[in-house]
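Before anything else, here is the set of structures, which you'll find just below.
In what comes next, chain A is part of two complexes: it sits with chain B in the first one and with chain C in the second one.
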Partner chain A sequence: MADTPMVAAHHVRLGSNSGQPMTRRDGIAKVTGTATYAADNHPQNLLHAVFAGASIARGRVTSLDIKAALAHPGVVHVMTPDNTPALSQDPDQKTTPFTARIDVLQNDKVRYAGQPIAVILAETLEAAVEGARLVKATYDSDQARIGFDDGEAFAPEAVGISTPPKFSTGDFEGNRKKATQSASVEMETPLQYHNAMETHAVVAEWDGDHVTVDMPNQAIGLAKPGIANYFGIPPENVTLRSPYLGGGFGSKAVLFGPQMLGILAAREMKRPVKLVLKRGQMFGPVQHRSATRQTVRYDMDADNRFLAFEHTANVSTSSFDNWLDGAANAGLSLYATPSISVSHSGTRFDTGTPGAMRAPGIATGSAVIECAIDVAAEKAGMDPLEFRLLNYAEKDPSNGKPYSAKALRGCYKAAADSFGWKDRPLKPRQMRDENGLLTGWGMGTSIFHAPFFPAKARAVLRKDGSARAETSGADMGQGAWTVLWQMAADGLGMAADDIEFDIGHSDLPDGSVAGGSAHTASAGGALFAAGNDVIRQLAEIATQDKDSPLFGAGNERVLGENGRLFKAEDPNVGESYTDILQRAGIEEIEGKGRGNRDKASTETYAMFSHGAVFAEVKVDPDLFQVRVTRLVGAFAAGRIINPRLAQSQLTGGMIWGVGFALHEEGIHDKRSGRPLNNDFAGYHIPVLADVPHLEALLVDEEDPHVNDLGVKGVGELGITGTVGAIANAVWHATGVRTARYPIKIEDLLKGAQALKA
Partner chain B sequence: MAFQISLKINGNGHDVELEDARPTLLDVLRERIGLTGTKKGCDRGQCGACTVLIDGRRVNSCLSLAVSLDGAEVTTVEGLSDGDTLHPVQAAFIENDGFQCGYCTPGQIMSAVGFLGETGGDASAEAVREGMSGNLCRCGAYAGIQDAVLDAQARMSKGGKT
Partner chain C sequence: MKAFDYQRPETIAEAIKAASKPGASYYAGGTNLLDLMKVGVRTPDSLIDITRLDDLKRIEPQKDGSLRIGALVRNSDLARNVDILSDYPAIAEALLSGASGQLRNSATVGGNLMQQPRCAYFYDPHSACNLHEVGEGCDALEGENGKHAVLGWTKTCIAVHPSDFCVPLAAMGARVVVDGPDGSREISIDEFYTLPGSVQPPGSALKQGEIITAIILPSDAKRFAPRARYIKLRDRTSYAFAIVSAAAMLHIGDGRIKDARIALGGVAANPWRAREAEDTLNGAEANEASFKKAADAALADAKPSGDNAHKIELARRILVRALKAAADGTPPKMPDLPGSVFAVGKEAR
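Showing the complex of A and B:
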């Protein structure tokens, strides 16, 4: 039972830093409170800005009474559409795929509840907060449209960033006719809000037509020209600093209205301005995960192999923009099937516009697919793991391409063994614990694509033996400060502790987007290449220098390690970097790098990270309160640069799966469109007591094709698979499948009553 | 109505002028004294990011009006280490990877210090999970947080500094 592909992988030599479970480079700063997040900046002469949000979801502001706000002690100005200058670029223009239509007091229209309608500037935060409360708006309001039954249906042109909304392959109708049985599941998923612990914030200070912006951002290289466009200045006049993000999860990749208002206010007031969103303001202008209404159907032959896979998703977006979660694309590359038909439809809600949220599309779609798989396994009378192995995809069923690497069988085995899956009874409601709680076991498959972005990096080696590596990359908690540093040091052939390292601001080479689980591969690949470029130049100098022991050695036969260049075939022959540069009288060597993915590989192979998650739940037999008591996952994602941090990413993703399955739901009032639960008392995310036992096992996988270094991502993988595993465990405990996420007590009660009747 | 209060923060005296009664301890620390280690996550006592010790007890500083704290002793994350020597809880958070983005971390650490003081050194894993559940972590670093608190407890019971 060999995993695909059966290719003798070539092994790119990395170095002694990569693969080590180093603790976080930013650890001391983060545990001592010295790590500086955007809102921690406090330039002299600062004004505090707080925005007032619309209390309707659709219509127009007919008047704004700002007298009381202006009269409040400490308030110095109130920005409204009447006194706010036009931006240099219409904020409804989308110049790049990573741009959203934003609301920046350019007109009196209201498109969602909580949209900024005025910005209050004051000498103290308290005065600004009170000023926002004192702004009185009157509206001409239209009925809000919330939910799939009330929203406006439309046919989307694309889902995600630019994926077609429909796809089919194989003889779908013909295969359906051949099928002997089918399994289908209909489920809804709610609006979910990212809610990074750090709310969106900006501190902006202008000096003439140059602006310095402290703002958490996942894509500095895109944000810099984006800000420049809005304010009509050249990109080089924007300095963006984002050394630490207090979480992002996709919500800090594009530019948002409130933050642009902070920058605009600073220009208007000719003083530095700090604008920090309140928690309740995170449920409108700064994206969320689309709600979905999905149907998944698998048709099988008499041997329980899939003949046809159908997935449809009705997906929410806003009334004024077009980002839709690509839920129905989640299963395209998941299980073997000769025919596929997937399609998306859209529904416009009067909410803010959704965006990418941890594992966009895949989390949402696989949450339903994995339930359908278990329903199919039940119909087949098979164990869910055996059934998945029977329908294991050796090639990507959507295009017939082999996987660049796929150690999923190893993941199934490692996680199932650790979990103790083999003892699972086939039928539901068979297990009780010592306290009489219904106990259930379920599983799901994890998958996430492995994209690659064109990141750049620079490395410098100096005559005194010191070195520096840098890229604009972003650490939002995934560990970029550490993992990229390890890769940069390996590129330079030095110990990580011996190099200077910098990320997180716009003066550095564009490290591309920290998103799509691509940052380690993309920015890390660039840093490694930049270091290699230094070594290449150094080797050229040494091998042409008659006084060097390396004189005459070909470049390809020379390696760098621990600050020493030596012959690969005879490591005793070599000398230190310093000796080479000093003798040559060269002050420093600068290397430039880009990560590389072979173009032919992209066309030849399907590239994904994989995993398997097993869940145990316990359910009160009378109250139907659900607790996840154990989660065991095993994951294969190519070369793991830092196992300690990778495991944290994976368990973090699994915890997001717990939130998706059992807790998270953004509820908007159907009459007003206003969010009803826009705080942490109402919008529940998992707490420590919700996750008593977590395991994330790393399964070895060499991926020779995905990029030069064989690195794939782990940030989004853990949530996929986990959601369905929990739902399947709840079914196994109770015999009930609910028709929506999160799984609620009332739905389980109704289902249990229906079972009895 | 203006107020004048004195706070002892991390051992240092601070006289603070308040133009009225509104400023919370959290905003006074962050915006007036410049101690920005303490973080604002929700401003209404629901997330724990702003946890500090007031007279040794863990408190959400966003729910504490500074004016009510005249004479109080406040410990923030900046006051925990002994020079370059980390507090055992800080060291355990690094070694057990008890954080990712780091934004909730000052609150988690102060809450853990308070919690370990409450339990007297024999807290079970279950007690840690319950006792630390007022501190939200959106990255989902909970596995490391639990391990870090238990590890810190073990270090502290041995009397070690780190």
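Showing the complex of A and C:
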């Protein structure tokens, strides 16, 4: 991409389409059922694959009786370790990013309940499902290890995505000695399962040594070489289609065993194969959020300013891989403190391997930090908001860097004003509503990294005035089809309706990962740059063409908008894109682009999105059922491309916060290791009645450093802050702090009884 | 799921004949049975689809003042029935507190009675469960059992009956009409459910081939209509099974309770009628002291079956709440959150 300009030219402006609250451009396709999700594909001669899962969590399959399954009408083949060929790459090797150690029938070992132990291939889905039920396994099993008390402790080498497990700065011990008071909180967070509405699915069809894969995927550019490695083919022999995802939340960024088994089965059977996970199968081989056991402590001086911050997290992972949620890194850049000590330890559970789940690390860590902040505010005798403002970080406390932009003060004010926070009594158990329900108000600070990935895009302008822009980026439901389209259209200086747009396909330029809250900035930046590159070339043609009114205008002083190129200083002087190309006799101009973040900025600045969330809860004074009656958040995330969809992402994150605080919990039997609530009746997430009033305010923020366009992410921000805000509100209502999430009725009952005694 | 025969009889007699074969199972709303078939816990040889038996779809006031509800009446239709709303409001409140709109549109009255326990070990074909097969044992005993029974359990089974609807049915002494190979009979709801024994898991009084044709709500329960509530404690605001729940119905005259009906949900393998509690209220004043005494009586024999001692206290409290709410009077309009602790208005406190 030597021809790609690495700095933004000025031929187009972000803003004709971007900044508008457009509704979803894929909305009609979705509500009319014409949007094709992976499992909607039915190639001719299709075989259905269903895997049988292990019913033990640790041990070995000693025998596998597949006779009944094979005899079942419609069953064509049963894949077992005895007849399944090895992949070209050891499935315990991780040669490309976003791969994990996977289980693909390569041996008889069982590492977690629900691990695939056989794959049944049948002419109908029903036959395959029944075939899976008819597979009878016997095991040599060991006692499962589930939970921090039973799991195997170890010292991790890294947490999250290659982050060090320990960090310290400043004179931590010295500052602790100087402190006049401290506040500390110990809390546990449970296993949580991603559970996107669309379960993981794959439809695979081989043609010689080329494979076409329909599979929801958040990281097409990484999945393509990943699949190629497993199957020993060149990456260009993999076509991956993922135009729509029914949610991903991190787990669809990674290649997992079941999908690879589907692709492998298609190769073995020489027929297209479809494999779709059942809901219950989502609780094993396709990741979850680590459980954590955390301690957070803040030491303060006599003026209630922090002197030292300590955060330790014991984090769960599997017995065979090393992903750990980086919970104890969540507070590194949050509040001003001259010294910090954080560290992680690990515990191996006999579960599948965890992974990144919406706001990894920060959701989990901030859920506990925000409680500790309120405990500290209580000790200081201060209002929680005043206390946070007193300890407001002007620079990133972990490295002293200034923030690239930080409109958090504005967020605090906007949300507090809208919420009516100023009337909050300091002490708990002071408020009752007209029905006698305990009422509590709590708050939390939201923060999330603003990373940037090297995405690429292409744009084309044709002689007839039509245009096209494309990148392999992914719409997980977050609105990428719309937001990226808006940015692409601005790049071309055209209306969104006037360009063709495509994403979600591996033949397109690598749009990088839809994750880390980086997709709009990364893929959108690339699309804008690609369009811009087209208009730069167009301007060159026009300004050098004697017959053009723009002749001699100077390339840099020409702007494109609404399909017309004109002089910046005199918009009346210009002509249409079509006129320029037709006169020049050029069929089309192709532009390439990648978004850009200045390297020096990365060194100089700490880059985050911020926000503040205020929660009101009502709690029954005798029965302790909790209801979040109001959530008001205000967020600053640089330039907002589509306020409607940004708010949708933020409110979605806040609802996840409700689920984290009050509902979500993956429960496994401690003896067998099997999940006990692997359906939506048992694994609770909020229902509409749990979220009566929700507000996400957008606070203006100009971030001149984060990337050329000043765009940051909103996908994960909303969940952070919300969890702690709810826990703090529950405390404010009841006077009880529970030792674990989710906050349970029985724990509040016990806490209230203890308070009375 | 296991392959099965499917029949759709046109008459009750045909249905009974088809369902009399071992391995046959009636199918109506399918909201519970199909789930159990999918996970492989129930593997009927034949499904007898009774959804075309139109005779079972009527709600008919009887000459003696009772109300006869056909077994195939959908939960949603029953909850909006004028006679139910005016004469038996706690039934409507219980129905609307259960499941979701979609499920209530499918679920039938008879199927609601026949719901299986929601114990995770029962739902897991690999776990030991006496409801899978007598003698298998019970993995819930030493497992995750925070939601399990505190009344009427044995080590054979500690699961609870999941229905909301059946709780006010039990309180008012509804009767279940069944038809079968040996003819028709009526069973009081108390006798319809059997609690676990030393060997036998909980179940129902139905014999192979017998079909629920109707439920009869007694006419004498209408006098509770002005003071009848169902209140349910749960982990989220809607679409969750009860941790504990209570139906309370009071008949008050001259400042005294003349008659009280009480049943608890989520505490036992049946909808638990609390007659001892009712007895303490007869002739008592309708006040908190009386209600607490009644709640103590209702839970006098309760004992934890595992890590669930909190349920005993919560059951006491939900019963006091339901009694207070009933004493304050049935709301003139169905609350926005039927059965919810958040539905109880100012008047109840």
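The rule is simple: the second predicted complex is superposed on the first by the 743 of 757 C-alpha atoms of A that agree within 3 Å, B and C clash if a C-alpha of one lies under 4 Å from a C-alpha of the other, contacts with A are read in each partner's own complex, and residues count from 1 in each chain.
Everything below uses one rule, namely that a residue touches a chain if its C-beta (ideal position, glycine included) is under 8 Å from a C-beta of that chain, and two chains touch if they have at least 3 such contacts.
On a predicted model such as this, the values are computed, not experimentally measured, just so you know.
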Chain B versus chain C as contact partner of A:L749, first or second or both or neither: second
First, second, both or neither for A:M476, with chain B first and chain C second: first
Contacts of A:L426 with chain B and chain C, given as first, second, both or neither: neither
Partner chain(s) touched by A:A681 [first = chain B, second = chain C, both, neither]: both
First, second, both or neither for A:R133, with chain B first and chain C second: second
First, second, both or neither for A:R24, with chain B first and chain C second: first
Chain A residues touched by each partner, larger count belonging to chain B or chain C: B
First (chain B), second (chain C), both or neither touched by A:A689: both
Overlap of chain C and chain B interfaces on chain A (superposed complexes): 73, 126, 130, 681, 686-690
Chain B-touching residues of chain A, taken from the complex the two chains share: 23-24, 26-37, 39-40, 42, 48, 73-74, 124-126, 130, 195-199, 244-249, 276, 278-279, 475-479, 644-645, 647-649, 651-656, 679-681, 685-692, 694
Contacting residues of chain B [partner chain A, same complex]: 19-20, 22-23, 27, 30-31, 34-44, 46-47, 49, 76-78, 80-81, 86, 90-91, 93-95, 97, 99-106, 109, 125-126, 128-130, 132-146
Of all residues in chain A, those that touch chain C in their complex: 55, 73, 126, 129-130, 133, 280, 434-437, 618, 620, 622-623, 625, 627, 662-663, 667, 669-672, 674, 676-677, 681-682, 684, 686-690, 744-746, 749-750
Of all residues in chain C, those that touch chain A in their complex: 1-3, 39-40, 100, 118, 120-121, 124, 126-127, 139, 142-144, 146, 233-241, 243, 310, 313-314, 317-318, 320-321, 337, 340-342, 344-346, 349
